[in-house]
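By letter and in written order, the chains are A, B, C and D; residue numbering begins at 1 in each of them.
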Amino acid sequence: MSFNTFGHMFRFTTWGESHGPALGTVVDGCPPGLALNEGLIQPFLDARRPGQSRFTTQRQEPDQVKILSGVFEGRTTGTPISLMIENVDQRSKDYGDVAKAYRPGHADYAYDAKYGFRDYRGGGRSSARETAARVAAGAVARLVIPEVSVLGWVSAIGGDAIDPANFDAAEITRNPFFCPDAKAAARWEALVDNARKAGSSLGAVVECTATGVPAGWGAPLYAKLDAELAHAMMGINAVKGVEIGDGFAAAANTGEGNADPMRPGAKAPEFLANHAGGIAGGISTGQPVHVRVAFKPTSSILTPVPTITREGEATELFTKGRHDPCVGIRGVPVVEAMMALVLADQKLMHRAQCG
Amino acid sequence: MSFNTFGHMFRFTTWGESHGPALGTVVDGCPPGLALNEGLIQPFLDARRPGQSRFTTQRQEPDQVKILSGVFEGRTTGTPISLMIENVDQRSKDYGDVAKAYRPGHADYAYDAKYGFRDYRGGGRSSARETAARVAAGAVARLVIPEVSVLGWVSAIGGDAIDPANFDAAEITRNPFFCPDAKAAARWEALVDNARKAGSSLGAVVECTATGVPAGWGAPLYAKLDAELAHAMMGINAVKGVEIGDGFAAAANTGEGNADPMRPGAKAPEFLANHAGGIAGGISTGQPVHVRVAFKPTSSILTPVPTITREGEATELFTKGRHDPCVGIRGVPVVEAMMALVLADQKLMHRAQCG
Amino acid sequence: MSFNTFGHMFRFTTWGESHGPALGTVVDGCPPGLALNEGLIQPFLDARRPGQSRFTTQRQEPDQVKILSGVFEGRTTGTPISLMIENVDQRSKDYGDVAKAYRPGHADYAYDAKYGFRDYRGGGRSSARETAARVAAGAVARLVIPEVSVLGWVSAIGGDAIDPANFDAAEITRNPFFCPDAKAAARWEALVDNARKAGSSLGAVVECTATGVPAGWGAPLYAKLDAELAHAMMGINAVKGVEIGDGFAAAANTGEGNADPMRPGAKAPEFLANHAGGIAGGISTGQPVHVRVAFKPTSSILTPVPTITREGEATELFTKGRHDPCVGIRGVPVVEAMMALVLADQKLMHRAQCG
Amino acid sequence: MSFNTFGHMFRFTTWGESHGPALGTVVDGCPPGLALNEGLIQPFLDARRPGQSRFTTQRQEPDQVKILSGVFEGRTTGTPISLMIENVDQRSKDYGDVAKAYRPGHADYAYDAKYGFRDYRGGGRSSARETAARVAAGAVARLVIPEVSVLGWVSAIGGDAIDPANFDAAEITRNPFFCPDAKAAARWEALVDNARKAGSSLGAVVECTATGVPAGWGAPLYAKLDAELAHAMMGINAVKGVEIGDGFAAAANTGEGNADPMRPGAKAPEFLANHAGGIAGGISTGQPVHVRVAFKPTSSILTPVPTITREGEATELFTKGRHDPCVGIRGVPVVEAMMALVLADQKLMHRAQCG
């Protein structure tokens, strides 16, 4: 879990820039014998793919994945799985502005400060295009945890939250917002449209639940399941906050109000609440694992913002290009992928130590 | 960063249980030649030490640290620094209840599910006593980053938040709550006292700022500074949420409202806002690094809660023992320590790659 | 340094099988700003490339490397460098024999025992073709250590050793054996030719020296420079032994005979001998780092050898296909690459800890 | 496997110097539920302990191990096992000579070059006393692999080798040399005595075999079983060479001579030879895993050797103090420990990936 590699036993390394010839990932440590082909990965990439509605960036990328290694006769061999996605629609626009000045809120200045220079085309390595590689790796991770069902959705855009009473999982794929509340989806259409037309952008909250995780996954003390999830989620572009279970609401609660009582159950104990989000002491309890993730509004807006040039002089920048008015929307498949990747890793780690 | 080790280049491994003979940490990768002795570590342990006011657990632990290796003639040698803290006040109480049944909200059930059995005395390895080792390691980390100043405080207890307008850093050490707002501290005295007397508990929010971090620390893409901080903080006992900069508030904002404009500065660019919390693209920007951490109320309360026995039968448990009515309070030195540990690690990683 | 990743700070991950569409490596942690293009990598691949003389396998692979990421305007950006080499000459021969039975001395049986099945085409992942990826990564590593000069050669084939008195570095590239002794090269021509014609194979010893390594590289205690080199070399296909400095000869020596006396030198101490191979206590001394590596004869021979089928029945196998009569010869560029990779990693690690 | 930590899933970190108050290790990732107490570790430490015969250093260290964590009611809990050994016989001698000048062949100069200064008392961290911690960790590792039997011995001292025809495992514990050949043991008595009296020292070869390792352990490609063993062995103080199976002899052999034919066996295939040392393609074959390790003669001799002072001036040093005339002898328990540690780690890694 350093630099461009994530995971302990089930690991993936990503590579590639927004405007390079391709991007990809090498998935290592995958158990052998799992059925795998491009068709099992592509649907997840399609869900994340840009250009599918007017609410996401209009860059047209087919995001076709190719398996280059690690699969033989349709099954994983236990050796590294190399997945590649070619970049197709790198528009040869003029990057002069971005090359010379720092887009505020983007990684431009920080990259320059760290590395001395940067690939400024489309954000280079800091572009959210890299998350396509995570989604591809996540599709493989799902095969490692067939007992687990991972479901993500958007629960708020620009401060307008869904009504939990309206939650309908089937609704999530019926609108372009991954929204489980049909009424909220209707409101968001106007909300996001207005932001898009105004050249503005909106933040969002993404939630994700993993059901079927058995009690006992998690590796104390510094690879705790919740710590790993926090790491995974905070590492996604534009994410600024992570909650497990009740999160910050728990900080305003009392011990009585936050209790998750237990009673005997058929196969496993039954919990009468899940304030903990399915994790206690860094280890899964058998309840659904639940995470909430805050995506900031993208800093790519049409309003000019004061900034400086590479030479340190004052200037202003606004972002032309093609951008998501609400990056949180396409964050859903990424959050799901990271959830699957963390759980696959923890499953293997648990198996290593506890047999 | 796996199991009981944290960090990449500046690493520490902790060991020890609540009621074992001792606990400790091995700090590895520390640069050589730094002045170090017990006196430079002890003040941080003293700040975390229990039994100092009626608002924390009454367990009396001197938490005296001993340096067992890695220091010669008062300076670090570059070899592992072994730090040990003996447990003194393990009260020989009857643990029959806890041994036989699972305390809801604690790690008891999850540990049993994972390992098949557990050291039930005081929570064993899952006890917050382990954080003493982190605080000791954090004191060493501070020596690695003398350019950085780390400051933590409690910003809310049980939902009662400080008024930012009253923020006074000097106030933090003047009250038993690490509270920078004298008025809030006065309110909290009654609030926490009532909870303590009622055998209840309260959640809290801890904040921490690191000033002096130069632009350029952070290691994309899966050891991003913000991801590492999220990992570090979510791995602290009782933590359920982490925010960098504006966190979840950013998710309700627009791109314009969330912008951090820049203008030329004397030595480095000047930022006109810090919604980002000092981190862009996973790399420090030179602004103060700011994190918010949600601590749940401890599950150790006097109100009986339904639970099950190890044999799976229904029962009820309430927690006798000595416990913190608000564990978030003593979380401040731990959050500060983890901030210092992450930054020291990132500094060395940056130096490795970028010279 | 786990599974398919090698290194701590300067790391590379390889992927690909002998008969897949391609193989490659992702180099991570490379310092930014280094001049890099395909032309700086290709010569090293050409040196390792098969089919260049009758003394190596006749498989024709151009081994053209493509840089897919991590380089912008001719310089490394500090982000992952993805290198890909397409497989061209995967002969569509009948692998029926190898699919059904285990080639003795090869990884066939062990892979099946571990993974339950295997990609049997050309050895799959266990093929020495993977070493092309290491050689490509090694070319990048050399850019990280411009102060170091790495030189490898074959010092013995089939037990016939060079005469150190004849050592001439310029000779190494003048014969197809990487042999620094012109007389030995002449003898080996007949020796290897006979083995080739007889369908036999020969073992070899490869040596490698790194000059210019400053004193102080190496990371005690379990990332010692010599331990890392041993790991790197023993991980090359067909290697069965590694020596640093005098190696096993030291085990037959006395303390007096093995001493490396020192005297004052111009810039650094001068050593009067180098029995230690440039490493003391796991740390470089400033003398040339010297390693000797034993390559076994390839198990691919025309003489039938008793073995068993996947179903456990007795059979015999001999190896058709195209194979190296002496795999040690093409081991030279691989040993050099691993030397460069270990040193680049140690340089960065040293810089991290010791500034 | 970096700095002072070894292993991937079953990991240990060591700390401590020759003349500090104590040394120790933290064993992490150990499976829960294994019976463990000091009595199961002490015999291995006793075997390594100095001062037991006139053929080893006369430093008197009881090397009593204390378990400080990770064990509850006599069983491992799955949490870190902290083991501590106090230093007792740090003779308060005058270290003036060693402080001011570099002992040739020792780590003195390299440590100073790396860290700027060093703990010169008894070699500090570079002392072979650290290996006591490895032996303690190795005792725990043996519990993880009850199916495996690890046996080490000395096969040559100062170039005088045992006769394999005389090999008798029962003999190993009957003489002070861990020698399986009674006749060789008798010869070595005079050999080592003469070296000791002359203030000289002798190199040695240690061999070690692990029987019972099932086929399938090993983690390609950079955590191969043989590569990990090479790393483990080359990291032991004074080791300069490692061979798996036939090692360098294989480099002088032909494919026919080096073949390990197979035939059907009762439970597993039967091998008709073991040139490979039980490892093919980096994965165990089910045959005994066999390693040979070259220990140099200690550089601590009474003959003065030219060297330089810290200020760079010429001087001479000879080693007073108490030293082993043949450090290879006490290397046997260390080699055994490292074999057990590598195998325990590989077992857990195999279980993680392959279930």
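Just so it is clear, a residue touches a chain if its C-beta (ideal position, glycine included) is under 8 Å from a C-beta of that chain, and two chains touch if they have at least 3 such contacts.
Here is each chain with its UniProt name: A, B, C, D = Chorismate synthase.
Every value quoted in this text rests on a predicted model; they were computed, and no experiment measured them.
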item: Centroid comparison with chain D (C-alpha atoms), farthest chain; value: A
item: Interface with more contacting C-beta pairs, comparing B-C to C-D; value: C-D
item: Cα-centroid distance, chain C relative to chain D, in whole angstrom; value: 26
item: Between chain B and chain D, centroid-to-centroid distance (C-alpha), Å; value: 39
item: Chain B and chain C, separation of their C-alpha mean positions in angstrom; value: 46
item: Interface hub residues of chain A, defined as touching at least two other chains; value: 2-5, 14, 29, 32, 78-79, 114-116, 125, 220, 349, 354
item: Chain B-touching residues of chain D, taken from the complex the two chains share; value: 2-5, 11, 13-17, 20-24, 26, 28-29, 32-33, 66, 68-70, 72, 75, 77-82, 84, 114-119, 124-125
item: Chain A contact footprint on chain B (complex, rising order); value: 1-6, 8, 14, 102, 104-107, 109-111, 113-116, 125-126, 130, 156, 158-159, 195, 200-205, 214-224, 226-235, 237, 239-248, 250-264, 269, 272, 275-277, 279-286, 294-301, 303, 305-308, 312-314, 328, 349-350, 354
item: Chain A partner contacts - residues on chain D that touch it in the complex; value: 9, 29-32, 78-79, 220-221, 348-349, 351-355
